[in-house]
Each structure stands twice: as C-alpha cells, then as structure tokens.
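Okay, so subunit A shows up in both of these, paired with subunit B first and subunit C after.
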Partner chain A sequence: MKKGLQLFLGILTAIGGFFDIGNLVTAAQAGATFRFQLLWALALGTIIVIFLVEMSGRFAAVTKKSIPTGVREHFGVRVWIAPFAILVLLHFLTLAAELGGIAFALQLVTGISFQIWVLPVGVLVWLFLWRATFDAIEYSTATLGLIALCFVVAAFMYHPPRSDVLSGLLPSLPKQDGAKYWLYAVSIIGALIAPYMFYFYSSGAVEDEWDKSYLMVNRIVSITGMSFGAVITAAVIIMTGLVLHPLDIGVDSINQAAFVLTGAFPFWGFLLFAASMGIACTGAAAEVGLSLAYSTAQTFGWNWGESLEPKKDARFALTYTVAIVLAMLLMMLGIDPLKLTIYTMALNAMVLPIVSIPFLMLMNDGRLMREFTNGIFTNAATAIIVLISFVLFVVSIPLVIMGSG
Partner chain B sequence: MHLFRELLDKQIEDRDDERMGRVDAIGVELRPGAPPRVVDIELGGVSIAARLHPRLEALAMRLHKKLGVRRSARYHIPWEKILDVNDDRVKVDVCADDTPAMDWEKWLRRHVIGKIPGASTEEEE
Partner chain C sequence: MCWGCKSQHDRETARVQKALSWVSTAGSVAQLWVENRVPARYAERTLDEARTELTSNGEAESALLAATLRDAVHRADRAGVAAPLASLMAHRGSLHAQSDQLESEK
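And now, the complex of A and B:
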C-alpha cells in the first residue's frame, strides 16, 4: 500500500482507537464535577501515550516483534509472567466496560436495560472478530468512530471562554472534593494510557509487516492521531463542563451525560451521543479482544493473526471467544458500567510501571534496537513517565478506596 | 555461547515455518569429567510452571493428568533436530502438527472452534 494512504489510514485509526468508554466516562465525570479544571490531566496523559505508542511502533518496525514477544525472549518467562497476568486482567475488565458501553448506548436509544443488550452486543463483537480481517476491523471502526467529532463541533458552537480552557491546562489544586478530584485525574490518565492502546498498536504493526521505512509514518501517526483523539476527549470535558457543571448534577449515570449535546443539536444531540458512544466502544471492544488474544498467543508462541481463519489459529480464536463470553457474563450481573470504567482506568494508571518498565528497558537495548534506541530526549521523557507512573501508582491506591465515597 | 540467552523463551518454528510454541526449558546432561551437554529443548505448560515455582509445577501436572489432551505434558525436541537458531526463532526439523505441541490446538480445532460456523472457508476434511 502507498505510504501516503497508509499514513492517512494510520492517523484515522489512531483517532478512532483513541476514543472509548474510558475516555468518555472519565472526561464526562471530570467536566461535570470540576468544569475545565482537569484538562491538564488529559494533556499530560496524551503526552505519555504519544511516547508509549511511538516507542511500541518503533520497536515493532525495527525488531519485527511485538512487546510480549520481545519481553519474554529478553527477560524470560519468570519476569514476564506477572506483567502478563496483570495485562490479561486489565484487558478483561476493559473489554467488559466497552461491552457495557455499547449496551448502555443502546439502552439510551431503546429504553431496554443494558443488561439485556449485553448478550446481542457481545455476540456482535465476537462475530466481527470471527469473520473480519485485521484491516477491515481497523478501518471500519476508525472511519465510523469519526462521528465522535460531533463533540468538537458542539464545543466550538458554544464558544467556551478561552482563558478558562487555557487555565484548565495548568494543574491546580481542587477547592473541594479532593479525593474525587485526584481519582478523576488518575482515571483520565489511566484511560489514555490503557495498555491495550500500545500493545495493540505494536501487534498491528507486526501484523502489517512494518519495517524501518515506517519509522516516519509511525512518528507522524502517533503524534497526530493521539493529539486529534485528545481533542475529542477535551471537547467532552468542555461540553460537560459547560452544560452539566452549572446544573451541579455531576454524572452518576450515562443518562445525564447523554443530554450534553442536545443544546448544540436539538433534535440529533441525544442520538449523536448514543451513536458516538456505541461506535467508539464497538471499535475499542474489538481492539481490546484482539489485543488480549495477541498478547496471549505471543507469550506462549502460538500461531496468531487476525487475518487467518479461526481454524488455523484455534487457540488464538478461543482466547478472544472466552474473554468475550466471560465479559458478557460479568456485565449481565448488573455491574454499573460507569463505576467499572472509573476503577479499571485508575487500575491502568496504577500498573503502568509494571507493564511498561520491561518494555522501556528493551527500547534502550542496543543489541535489539541497534541505532534506533531511545535518544536522550525520549529517555528523559521516559524517565519522567516512569516517575509519574510511580507517583500515580502510590497515590491511586488510597484514592480508589476514598474516592468511592 | 550464551546458550540460555540465545535459546530460552525463543519462538520455535517447524520445518514449514509453522509457529509451534516457545523454548520453555532446556535439557542439559551433566557428565562427570566432561562439560555439560545440551540434550534437548522442551515445550509445555508444565515446563513453564516448573520454572516459576515447584508448587505451580505440581498443580500444572495435576491439571494435565485430569484435563490434559496432550500426549505428554512436556514435549522434548532432541538437539539433533534443531536446524537453525537466529535472533527471531529456533527452527526444528519436525512437523508441528504431528507433535504433542499441537495436541491442544488440534483438539480445539476439532471439538470447539471447528464446530462453530464460519471457522473455515475450506470444506471439512
């Protein structure tokens, strides 16, 4: 495929893949409760995810290996098994949250409980993985996912006070609800750096047979794609900050957030919200399910590939099948998708050091990366990322406990 | 030669480049008065469990005996069968489908995945 087209599709995919239930829920709650005050967490998380995604793409292009393969081969199964187990758990919880998100979008439109919708939704996502090829999944969800741009359009129509938006980009201390403030900050960052984002990206790059000629494509895609994705998320914070914050209602259920667009689009607003949510979560659910199957197959050296027929990689296909079934069962129990999302995202932030440090060490290994190891700038940034992750790790544990009140 | 670094945990491919697992353990023979000699490479969940903890190994072995469909919990590939080792894989002179390494894969193909419509566009054998 021509590089230009690849670049375009790559950016599209990155934008589409960026926005999911995690971003939507954490941004909506942050905006409704703290107006624009948590925009800085979004900016910080976006910078971190740009670095992580760029590195995982570079790793795949140079070594032709995905992250689980690289880490297991290099550090051995004894080092890799704990991060792998955590990764599996996080993928599973995220998958359940995404399925819950699609089902909730359908509940908004039909009034039928999401617990009932989870069954057909799970089957649909599974069918998608079962039948479609990798490119079909990537590009269709990415293109449809652009519907979420309606948040950006709405935010522009409202002319938010520029100085307020800018001051939100600077970290500030909360006036009240301290525990909630920090929990939301950690969750916003956790939603951005969800491990499936960069694990999926690296497997995709291997699947698309990237080589060194893709390094520039990789860099542009990670920077542009993630930034555009962040703009959509910022628009959600701004819209909920403008519409819901003055009403002092917070977001305790997605029903409340769903009215955020009705001011900008009187007739279509509600539907647009549900469609954005449903499509973004469908794409993400497919990516999370695939990412889980990729990571497992790569860890154990099984045959893998989304473009193979399920019969050619039965264990790979079984992995995502079982994960989807279990995630459906979890959501049918009636777990609140909103709460599940917030805590899963906080968990993402908490375990970032564990799932990223072995990988960051590989990025500095000259034997593996040759002249493409991290430069001083990237390493400095990486050191800061690890430090921030560690701080998040330490602070988020009590927050998860306190913030639930 | 950094044997363990070069071999352990590496992807194993059969003679037709089919991925069949990873080098989960290495069998070494200790000989009195002579240097140790690599006898074989090993694949299997039990081999992985053994590297993590003896208790896990016992648990994995029990699971294998109860539920396993593999002919043997550990599959040994003799050193003589190794064709080539490079940065990406260990190539071995076997046919993956005939080995215990693929027993689970074949069982799932036959009893689970193959039973679901759309698993393959080819006709049933």
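And now, the complex of A and C:
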C-alpha cells in the first residue's frame, strides 16, 4: 500500500516537477517560430532524461548514496571539483531564471514590474525551503504544478492536424533560420536534461530512504512521470505553433506568449498561463535551490537533509540562503528572464558530458552497483547519450552566438 | 565564415521579421483587450514594449500606432482602438509581403 501510494505520488511529482521556465520558454519559442518541427528535440531529450533519472534513482536505491557523494568517494574531490564548480554555476543561473519566472508571472497578473516582485518572491521561496519538509515541498509544488495540464486540454480542444504533429517527431532540416533552429533544438534538450533534475531526484531518493525494493517504483516513475511531463511541454509547442506561428509572432518576450490560451479559455486563459508559469517556476526554484545545497553539502561531506531542522545542517541551509540572495540580486538588475533562460538551457546541454560521464562510469562499476550495473541496452543508450552530449558540447557555443544574432 | 556575422540581406530579413512579430503582437493584444480576454495592465505593458521594439527596428509609424493603442487602453477607450488597429493591420500586411519577398530572394 505504501509503495502504491509512493508510486502514485512519485509519478505526480515527476509530471508536475518536469515543467519549469526552461521547458516553457524553449517550447514556446520553438512552436512560435518552427510550428511542430522541433517536436523531435523534445522526444529525444525526454528519452535521454528518462535514462538519466532512472539511473540516478537506481544508484541511490542500490548504494544509498547521492550522485555527488558517489563521484567524490570514487574519483576524489580533486577530480570532482571542476564539474562541481560548473554545476554550481548552472544551478545558480537556473535558480535566477526560475525566480525571474515567478516574478514575471506576477507581473503579468498585476502589471507591477518583475524587478519589484523578485524580492518578495525570493523571500517566500527561502521561507518555503526553511520551514517545509522535503515531502511537503515535493508533493505540494508537484500537485499544484498539474495546473499546467491546461496546455494539454487546450491542445486537444484545437484538434491539431495529427499528420503534422507526427511528422514533427521526425528530425528534419529547417527551411530558414538554421542557426536559430539548432539553438532552439539544443535549448529544448538542455531544458529537459537540466542537471538539477537528476541530482535532486537522487538526493530525494536518499532522503526517502529508498532501497533495492524501490527499483521497480523508480523505473515506473522515471518512464511514466517523465513521459507525461513531456506531454505538457509538447502541448506548449503545439499551442504556440497553432496560435502564434500563423500570426508571425516569434517569442522574444514572455508577454508575446502570455495570451496563447485565450482562444481555448476566453475568460481564464490568461490567468491559467500566468498561474502555470508561476507555480511551475516556484516548484522548480525550490528544487534547484535544494539541489544546489544538496550537491554542495555532499561534495564537502557536510550534514544535509531538507527534513532536518536548519540548525542541524546549518551549512546546507546557508548554501541555499546565499544562492537565493545572489539570484535575487542578479534578477533585480533587470536581466530578461527569457534571455537568461535560453542561454542557461543551452549551457545545460553543453555541460552534460562533464557532469554525466563520471556518473555513467559509476553506473558501470560492479563493485559499487553489483548486479544492478547498467545492462547492454542501457549501456548502448548511455553511449548514444554521451555521443549526443559531445555533439551538443561542440555545437552549443557557436549556436548561442549565431542564434542570438 | 565569420561567427556571428550576417549579410546585409540576413540582417534586413531579421529586422523585418522582428517588426512583423511585434506589429502582430500589438494587434493581437489590443484586440484581445477589446474582447476582455486580457487585463488592461498587461495590454498596456505589452503595447509599450511593442512600441520600444518597433522604434528600435526602424518602424516609426507602427511604433506610433502601438503608442496610440496603448493610450486608448489606458483611457479604457475600447472604441478608440478600432482605427489605429486597422492601420496597424495594414502595416502588418505590407511587412508580411516584404518578409516573403526577402525570403524568396535568398
């Protein structure tokens, strides 16, 4: 019974927790500019993230360790410190983008500048992390995050041409704006494989004291939750493809995407968009803040745990506190959350090899994983992931330069 | 090849497409405000943003129309939206034709 409930809550969390500012922005830009043509990037990224999340949960259930702890113990701090520094930077930029996303959602509803909202938003996210337990954070944001299913409902109401949607799942070359097309493709994949996702997942599994009996739960949650989560992102691509693309509206500002649901829901559409964005970003900001604190504490061997009182893991609590303050300051400077998001997501794709290869090596270590090392199928998929990671690594920087021009 | 460098033609195509995007945004938001589907504060802010973007893209006339629409929203003058909206849509048509022409010349 307990496992059944955890399975249900786990899937709910994966669906609700999947969607964040990165997914929303990259999907909206892709749909508005290239209609359904970039659905294949979403499908590819989803397959990669399913493998990575399943492996991170399996690693935690078998070794009872999180990924940073495992990498540090196996390779030593010296090897881990460079990937860790990159990871911290990425977490920080993602946290800033998520805080900016919440503040922008409030700007949509109130008309008051997002820069003014950043301060109260940051304080509320910090209070949430300070006061709430891990389960409370995980389940409340995930459940509320299901409001983003309004995009799926809207997409069904519009009856998109099935053949066009299906052909979008097959990779194709762009007819125009090649650099922008590939930048958006990389950014969609980068948003899906954001490292905080699987670092948070593995630390959460350790917090929930998973053991080998959770391996099946882990597998079902990874596959089902991530797939359903991807359906929401696909619905954003479809809706912006159906509504904004015919109007020649490209999404250079979140304001340009904010009315995308008003055709399906004339009265509530605008509020549903703002609520979906605000709630998704709140959940993600909490997860990113925690993931940053988890990774730091696990790298340096500090006490950690969101369910502990802050005085029992003071350095862990201090880490997310400092990160939130710095992220607030960055957004108060007036950096556009959309631009920050698109570049951070491209960076995510770029650093995937650096953060994933040590982890993938651990997954093949028989001394550590015993009979639960990766099988032939998973290793083949892993090899493809590493190859894709390398290609993304090589092409990301020029794409960021060319695509933004 | 120079990373980040674009030809004159590519730059002009990008400029026209961006202007077209903001003209369409301004028109859609003004129309949705008239239909009571988006709040006035959002409409005002977006029309203001459209005006800024259109000015920086060398579309002074469209920028002026976006500003006129913004003023109408500010005064809650729904009837006052019709005329500038019609002019803006005419601009949209010519920008669309210009964009198609530039694409076909590639």
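As a convention for this text, the second predicted complex is superposed on the first by the 404 of 405 C-alpha atoms of A that agree within 3 Å, B and C clash if a C-alpha of one lies under 4 Å from a C-alpha of the other, contacts with A are read in each partner's own complex, and residues count from 1 in each chain.
Rule of thumb we're sticking to: a contact is a pair of C-beta atoms (placed from the backbone, for glycine too) under 8 Å apart; a residue touches a chain by one contact, two chains touch by 3 or more.
No experiment lies behind these values; they were computed from the predicted model shown.
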| item | value |
| --- | --- |
| Contacts of A:T382 with subunit B and subunit C, given as first, second, both or neither | neither |
| First, second, both or neither for A:T110, with subunit B first and subunit C second | second |
| Partner chain(s) touched by A:G76 [first = subunit B, second = subunit C, both, neither] | first |
| Which of subunit B and subunit C A:Q176 touches, first, second, both or neither | second |
| Partner chain(s) touched by A:G250 [first = subunit B, second = subunit C, both, neither] | second |
| Touching partner for A:T262 - first (subunit B), second (subunit C), both, neither | second |
| Which of subunit B and subunit C A:P310 touches, first, second, both or neither | first |
| Those residues of subunit A which subunit B touches in one complex and subunit C touches in the other | none |
| Parts of subunit B lying in touch with subunit A, wherever the complex brings them together | 8-12, 18-22, 24, 43, 48, 51-52, 88, 104-106, 108-109, 112-114, 116, 118-122 |
| Subunit C partner contacts - residues on subunit A that touch it in the complex | 107-111, 176, 247-250, 252-253, 255-256, 258-259, 262, 266-267, 269-270, 398, 401-402, 405 |
| Subunit A contact footprint on subunit C (complex, rising order) | 3-4, 6, 14, 17-18, 20-21, 24-25, 28-29, 32, 35, 37-42, 44-46, 49, 53, 92, 96, 99, 103, 106 |
| Subunit B partner contacts - residues on subunit A that touch it in the complex | 64-65, 69, 72-73, 76-78, 81, 130-131, 300-304, 309-312, 314-315, 317-318, 321 |
